[in-house]
Amino acid sequence: MTESQIRKILDEHKAGGISSEEALHRLRSLPFEDLGFANIDHHRSLRQGFPEVVFGSGKTAEQVAHIVESMHKHDHNILITRTTRQHFESVQQIAPEAEFHESARAIAILKDTRILGKGTVLVVTAGTSDMPVAEEAIVTLKVMGNTADSLYDVGVAGLHRLLDRRERLVQARAVIVVAGMEGALPSVVGGLVSVPVIAVPTSVGYGASFHGVAALLGMLNSCASNVSVVNIDNGYGAAVVASLINRS
Amino acid sequence: MTESQIRKILDEHKAGGISSEEALHRLRSLPFEDLGFANIDHHRSLRQGFPEVVFGSGKTAEQVAHIVESMHKHDHNILITRTTRQHFESVQQIAPEAEFHESARAIAILKDTRILGKGTVLVVTAGTSDMPVAEEAIVTLKVMGNTADSLYDVGVAGLHRLLDRRERLVQARAVIVVAGMEGALPSVVGGLVSVPVIAVPTSVGYGASFHGVAALLGMLNSCASNVSVVNIDNGYGAAVVASLINRS
Amino acid sequence: MTESQIRKILDEHKAGGISSEEALHRLRSLPFEDLGFANIDHHRSLRQGFPEVVFGSGKTAEQVAHIVESMHKHDHNILITRTTRQHFESVQQIAPEAEFHESARAIAILKDTRILGKGTVLVVTAGTSDMPVAEEAIVTLKVMGNTADSLYDVGVAGLHRLLDRRERLVQARAVIVVAGMEGALPSVVGGLVSVPVIAVPTSVGYGASFHGVAALLGMLNSCASNVSVVNIDNGYGAAVVASLINRS
Amino acid sequence: MTESQIRKILDEHKAGGISSEEALHRLRSLPFEDLGFANIDHHRSLRQGFPEVVFGSGKTAEQVAHIVESMHKHDHNILITRTTRQHFESVQQIAPEAEFHESARAIAILKDTRILGKGTVLVVTAGTSDMPVAEEAIVTLKVMGNTADSLYDVGVAGLHRLLDRRERLVQARAVIVVAGMEGALPSVVGGLVSVPVIAVPTSVGYGASFHGVAALLGMLNSCASNVSVVNIDNGYGAAVVASLINRS
Amino acid sequence: MTESQIRKILDEHKAGGISSEEALHRLRSLPFEDLGFANIDHHRSLRQGFPEVVFGSGKTAEQVAHIVESMHKHDHNILITRTTRQHFESVQQIAPEAEFHESARAIAILKDTRILGKGTVLVVTAGTSDMPVAEEAIVTLKVMGNTADSLYDVGVAGLHRLLDRRERLVQARAVIVVAGMEGALPSVVGGLVSVPVIAVPTSVGYGASFHGVAALLGMLNSCASNVSVVNIDNGYGAAVVASLINRS
Amino acid sequence: MTESQIRKILDEHKAGGISSEEALHRLRSLPFEDLGFANIDHHRSLRQGFPEVVFGSGKTAEQVAHIVESMHKHDHNILITRTTRQHFESVQQIAPEAEFHESARAIAILKDTRILGKGTVLVVTAGTSDMPVAEEAIVTLKVMGNTADSLYDVGVAGLHRLLDRRERLVQARAVIVVAGMEGALPSVVGGLVSVPVIAVPTSVGYGASFHGVAALLGMLNSCASNVSVVNIDNGYGAAVVASLINRS
Amino acid sequence: MTESQIRKILDEHKAGGISSEEALHRLRSLPFEDLGFANIDHHRSLRQGFPEVVFGSGKTAEQVAHIVESMHKHDHNILITRTTRQHFESVQQIAPEAEFHESARAIAILKDTRILGKGTVLVVTAGTSDMPVAEEAIVTLKVMGNTADSLYDVGVAGLHRLLDRRERLVQARAVIVVAGMEGALPSVVGGLVSVPVIAVPTSVGYGASFHGVAALLGMLNSCASNVSVVNIDNGYGAAVVASLINRS
Amino acid sequence: MTESQIRKILDEHKAGGISSEEALHRLRSLPFEDLGFANIDHHRSLRQGFPEVVFGSGKTAEQVAHIVESMHKHDHNILITRTTRQHFESVQQIAPEAEFHESARAIAILKDTRILGKGTVLVVTAGTSDMPVAEEAIVTLKVMGNTADSLYDVGVAGLHRLLDRRERLVQARAVIVVAGMEGALPSVVGGLVSVPVIAVPTSVGYGASFHGVAALLGMLNSCASNVSVVNIDNGYGAAVVASLINRS
């Protein structure tokens, strides 16, 4: 229910076209969306340049294409995560400008390329195997209007690789740290910067890494107090949090 | 090693007071702190109003007092977390202005009361039992120069309690959500605001809450993408992250 | 052993046709089923319209067909859960009226379409990926004589989607809530209705969802006290419980 | 906001006392509670004889007494769970009719003793050590207007104890089964009755019972399809679910 | 219901004292115990010298004394496990011959000292800290009429301690192996004997022993195929299994 | 080192052919096997009719065939567990009398068909899906010279199926109970018989069955004290334990 | 930055070619590597004969070949772990002398065959299925300049197999023990030798072995105090530790 | 059996005092200890300066004193771990030279103060709370004849604290790294040194540290390949491994 719908009830009531009971009834059941509340995120995304996001996993190519079709009328960016080449082929027929980031498992439809973030978000990985998760973060960052930088394969067993680039670390407005195995990198990075660090554990590793649990626990127990954590392999979520920080 | 020390080496070398070998030796072994790198966080805390923080757990009252004594010479704020009344009594003899926040298990020594954050950080709890963790966050927020607001006992089984206060939710620059049991509140709050939500699982609950694990997992799997998570009962860490966001 | 069999023993004994020893022996070893005890559920299902249920998983197409053949003589409904298209092809040869609900992985043979429930059972899902489990619940509800309604993709990060339909929520006699990831939806629904909520965690999610464990724990720790829980992905079990409530 | 408040806005607007803008503004921000939505559960509890419930754990005696005082003005029943003798002594000064059920750790204030359930709820335990949880269920059942019956110490290793009382089992409108250790009793009871079984795992046991986890897992995997489960030691929650079934 | 009770029904019916309906009714509801089924274990224990066993944990001294009083009329042995000195003092007043095995936390009332086992049951421990669990096994073995032998502190890191006593190992008719920490001893013993080995993990250890879980898993994965396992710290259960083997 | 080798040393020493030092040296390093100790199990298997057993999993068809070839010279039975059809085809060329039990994943080569057990071992399953594990137990029982009986699909949610066959239960000298899901059957069977029950949890189930963990925990916490447990899906190990009991 | 680079700054400054500010700036940001710190391990590997190691898992054949190409210019050994035949084919084109150890999943390029270890490292396995992990250790040992010996299939259920070879055990300078299932072998070996034992749990086993967790826990809880542990299936890591011991 | 006993058998046999049969019999059953095998560790400890070690936990003061008394006759060092002040008071009466290291929970009796290690073992901790575990390691190192050095509170969130002391790191022959929380320090240290790193996880932390599990998993997944791990809080074990390395 839009404002105009509420106005209409008020007007009809004032004009005597509907009784107090009827007006009361309509207002009581008015969809919260119409109060400007429920769909705030929807409107916000349009006004503020937030992308529409589709979680591709478990959806057919037809379903994804159908959703994209309905979103495509607007001029905001669209991001499809956890997607497949099959998804991409269907989406391409609706949105030929769509780009497929294969290692990131993401499709991006960029219509609005304005930079909305105030600075740079830096994405750091411990190893090369963590790159697909980092790529998902970077695509998300770009779709959300950020300048993104990256620093790959700077794990803590070879500290110099990280320390050599500390200039780039301290220039970021938010840092996303992606690491599997023991997940120690966010603590080290957290100690080097004075901005929020968003840690993303990855399922990289074997044996007692338990598909990312070791890294997750390591990050939750970080001795650096500027570290917060998202789900295992959730590059997308980390990028959303970093985007909000970068805009604020 | 301060800048002046490096300058001194350069000057002595230029003046011929020390040989190239000697200058090389001193520079090679110069503590990284002297490069302006290692103690960045230390200097930063002084310049930027960050508090010095002591983790009280597992330290004797004497140890805590000793540490506070050495910190007390400077004019920055001091925060002692996971502390006890015994700690407080020792600290009070050194810093009579120290305040003990018993339920938060925190001691605060406030010397610098400037507001450094740009807006308000809101701390929300699901239940009354989550309040000690929330109080730790609030003390930390204040010691770090933030305006803090709170909203307690607004768990998701009685949504109206939360929805009634949505004005306060949407005005915050960062929201800390503290919840035990099923940890569902961050997802609901995350859907209502467009700023980062820092979720703090608490050990409140029994049985299959597993001392906060259920809440932690719930928060890590949040369907709201602006949610990141810190360790169980870590109100301090959440407040540090929120402070950095609020300043940026 | 039916009543008539017990009568026959008593009569034969009275008439002297069998000795006390023999009567004693027969009665001692009489199958409990014959006492009206052991097969109560069997008779009950016939009289009350409960379906015969086959758990298809781990059975060959031949085995399933064989079981259905023996059930098919009676006029009650038959439900095969966790089944496959191969199962369906075998079953169809015996029961051409069988229907295959592919996403629900269920085969239904409907002979008795009477409505036995007093009201409506509502099946709610948090996301679209939870639909197969919800479909299993709906097929089961129908086979058990219920009017079923559904509300899909109303997860807690977009509350308005749920709140807009609260009329349908409050009209149900029992609500089945199907959710993966953080499993927060049952708590929110539980706070909105005054009937039992049966929560079904799903294995939807990734990383720290641990194949449904996060959702399961969230639901067991629900702060809404009208929520009880069934196994991960067990739409069938939730529907049986809801059916029993709807009939009572 | 009550209905009368909405009417007042409508009337003032109709009478021209407030502008459309002003009416729109007030209606947009009206607390959902005022729509008759948010406090449904509150009103419902008063009208339908639901008790007001206080979770005592983690609250001081003063806090509990304060809450009870505010509830005590009304004529509905009050239940305090997870409480202590200290709580009781404070409550007694406000409500002298309060009763302390020590083993159940519950305080009941019974003002309304009408029977609202249509039949009997039966509470069954596997062992004597499971009794405190069962007692919590029974107090809750009574406070919520049910006729409650109980059957204690009928674990599955001595089946006859259970089978001898099957008459009482089959007469119940809902059965609560409380069991620790292997948690097998709900499956056996579920096979004997045709009403919903609410299973409550208890933390009774040692070693690999893992404080109720073994029982919880056993119950979630029950081969009887009419079983749903609540949290470990949650006799209160099981009784709420059973009450709702018994009233429907 | 005893045989004589069934006979009485048959006789009354034959004599016409009760109608067929009445006889049918009585027989249908006859307690299974009366069929010789349900109380088999009770009668068996009396006839075969099995002890009556009380699980002391969670029972008051009065409750335990009350149970012992009712058991004490018979001439079979009584065993109370997981008991306390308080329990013992109450029991002593009823059964002055009761013996308290403090480290085993067991009370034994020995009335029947016949040896029922055909050979010796050997109880082996890895360390001295495992002795309380071993003592519980030994008390149980004696109460159940076995000759028991023991071999303590023969853990696998000092193999010679075990190998030196291999004569005693190979003479046992069943071996109980009690071990905490890594729980490796049952595999080694299992390879040395050709009788069943009952492994009892203990909660002895620290850190990653997880209160006996490491030992439990080790034993379940034993590479010796004659090993079966009971619950952590369950010396009683191991002794019951060994007794049954020793009698067979 | 055989006896003859020890004699030879003694003789050479007596005859002066070797010095005391040399004799001492040789005796100190004599392989334990030569003392009649280390190979006891090997000789025992030959003398007592124990089969030679090969764990097929992770071995190539060639490796298995090679091992069988070396075993085949003797006249004792051979059992290959966790095997494949490919293994079987290789084995068949060496031992044409080999039989492949496909669902049990076992190959048996029966040369000695003497019955060594004193009575019957009964194998009971909760469901039809538990049958492969039960079949592995039965093949093992036969290869080890036992009379085996079976009772399938008698889970606790339909007690009558079990109670109807209690005659067969009480006649067994040992009972193997195979169950997945909640693993409740061993407790019920344990209460009905007075012989050892060896419980085998299976990986049958889904969701919170955690591939057999729920069943395993249920069995370890059995309230029947004559139950011991082997690894998940370990029908072979249960049969070895039962065989040893049946022979004793 | 090399020493010569630091000298150059000093010289330029002395000569007045750069200002103090400029010299300060360059020195502050000098890469730590240039201080001789960060690349210590790199230089060390070249000087000391350590191999360059590539973790093949998750890298394409092209990536692996590319890395090997850049390493190949030097004369030190190269080891690629967790690799595939596809990797090997690419590597072979660059380094025809490369050897593929298929069961070890390792590629070795041996250029420097000097023996750097002072003695022998012995690799022991509990079963034949543990061999691939042992082979990874052996390839690593050789690439790192050790004399390696092995002892396979000497699990603790047949002690004599191990005890017969104790001569070889006590001659090693370090022992790597590889075991799955219950992981008991390191404790037994640890008791027999007086050198460090590096234990490698393997994912060999089924059911409650939980892919190596049972073995891992067993090893961490070893009652032999000379045992330390590496990750599940990490033969490579164990060999690195053993190599360092063997060289020291 | 000592060498002299074996000689005696040989001599008697040679002299004809005992028959071949008798000599054979005696030699077959000779305790392995007598072969010089079983007590190797005992003799070794005496000859090589290894201490006798008593695990104090779970032993009474009398038991500990009794054990020490029997050990005290020899001239080697004695170490009692996991001990108490009560233990110490009893031990002091037997060995007045005993020293109590309270925070390490260790009693040391130093009789032999020779340095047996070739270099220094360095013990590093992440935080001050990890010190008790480090102290246990240091006492053990000293009792075993090592030169021990320590570096406390150099956690990874303040890297400079560690990097400033890298000279001491690289001089050690083995490094013990003690850390709780995320357990990241061993990876960083492992990257800085080229000797074995023995990592000791501690139970320091809260929430998702799970009493040391997070640190343990972090260390097992270390990206530095020279790291091996011992049990949580096992400072003693780490020191034994380091001692063996330092001597080799």
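Order as written gives the chain letters A, B, C, D, E, F, G and H; numbering starts at 1 within each chain.
FYI, a residue touches a chain if its C-beta (ideal position, glycine included) is under 8 Å from a C-beta of that chain, and two chains touch if they have at least 3 such contacts.
Everything quoted here is computed from the prediction, not taken from an experiment.
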Per Cα centroids, the chain farthest from chain C: H
Between chain E and chain D, distance of the C-alpha-averaged centres to the nearest whole Å: 39
Between chain E and chain B, distance of the C-alpha-averaged centres to the nearest whole Å: 55
Chain B, residues touching no fewer than two other chains: 32, 37, 41, 127, 158-159, 163, 191-192, 207-209, 213, 216, 220-221, 225, 231-232
Contact pairs between chains, per stated definition: A-B, A-C, A-D, A-G, A-H, B-C, B-D, B-G, B-H, C-D, C-E, C-F, D-E, D-F, E-F, E-G, E-H, F-G, F-H, G-H
In the complex with chain E, residue positions of chain G that touch it: 126-127, 155-159, 163, 181-184, 187-188, 190-192, 205, 207-210, 213-215, 217-225
Contacting residues of chain H [partner chain B, same complex]: 127-129, 158-161, 163-164, 167, 204, 206-209
Complex contacts: residues of chain A adjacent to chain B: 37, 40-41, 44, 48, 50, 53, 118, 163, 166, 170, 173-174, 191-192, 194-196, 198, 216, 220-221, 225-232, 236-238, 240-241, 244-245, 248
Contact set on chain E toward chain D in their complex: 29, 31-33, 37-39, 41, 55, 57-59, 63, 82, 201, 203, 211-213, 216, 231-234
Residue numbers on chain A that touch chain D, as the complex places them: 3, 6-7, 10-11, 13-14, 16, 20, 23-24, 27-28, 32, 35-36
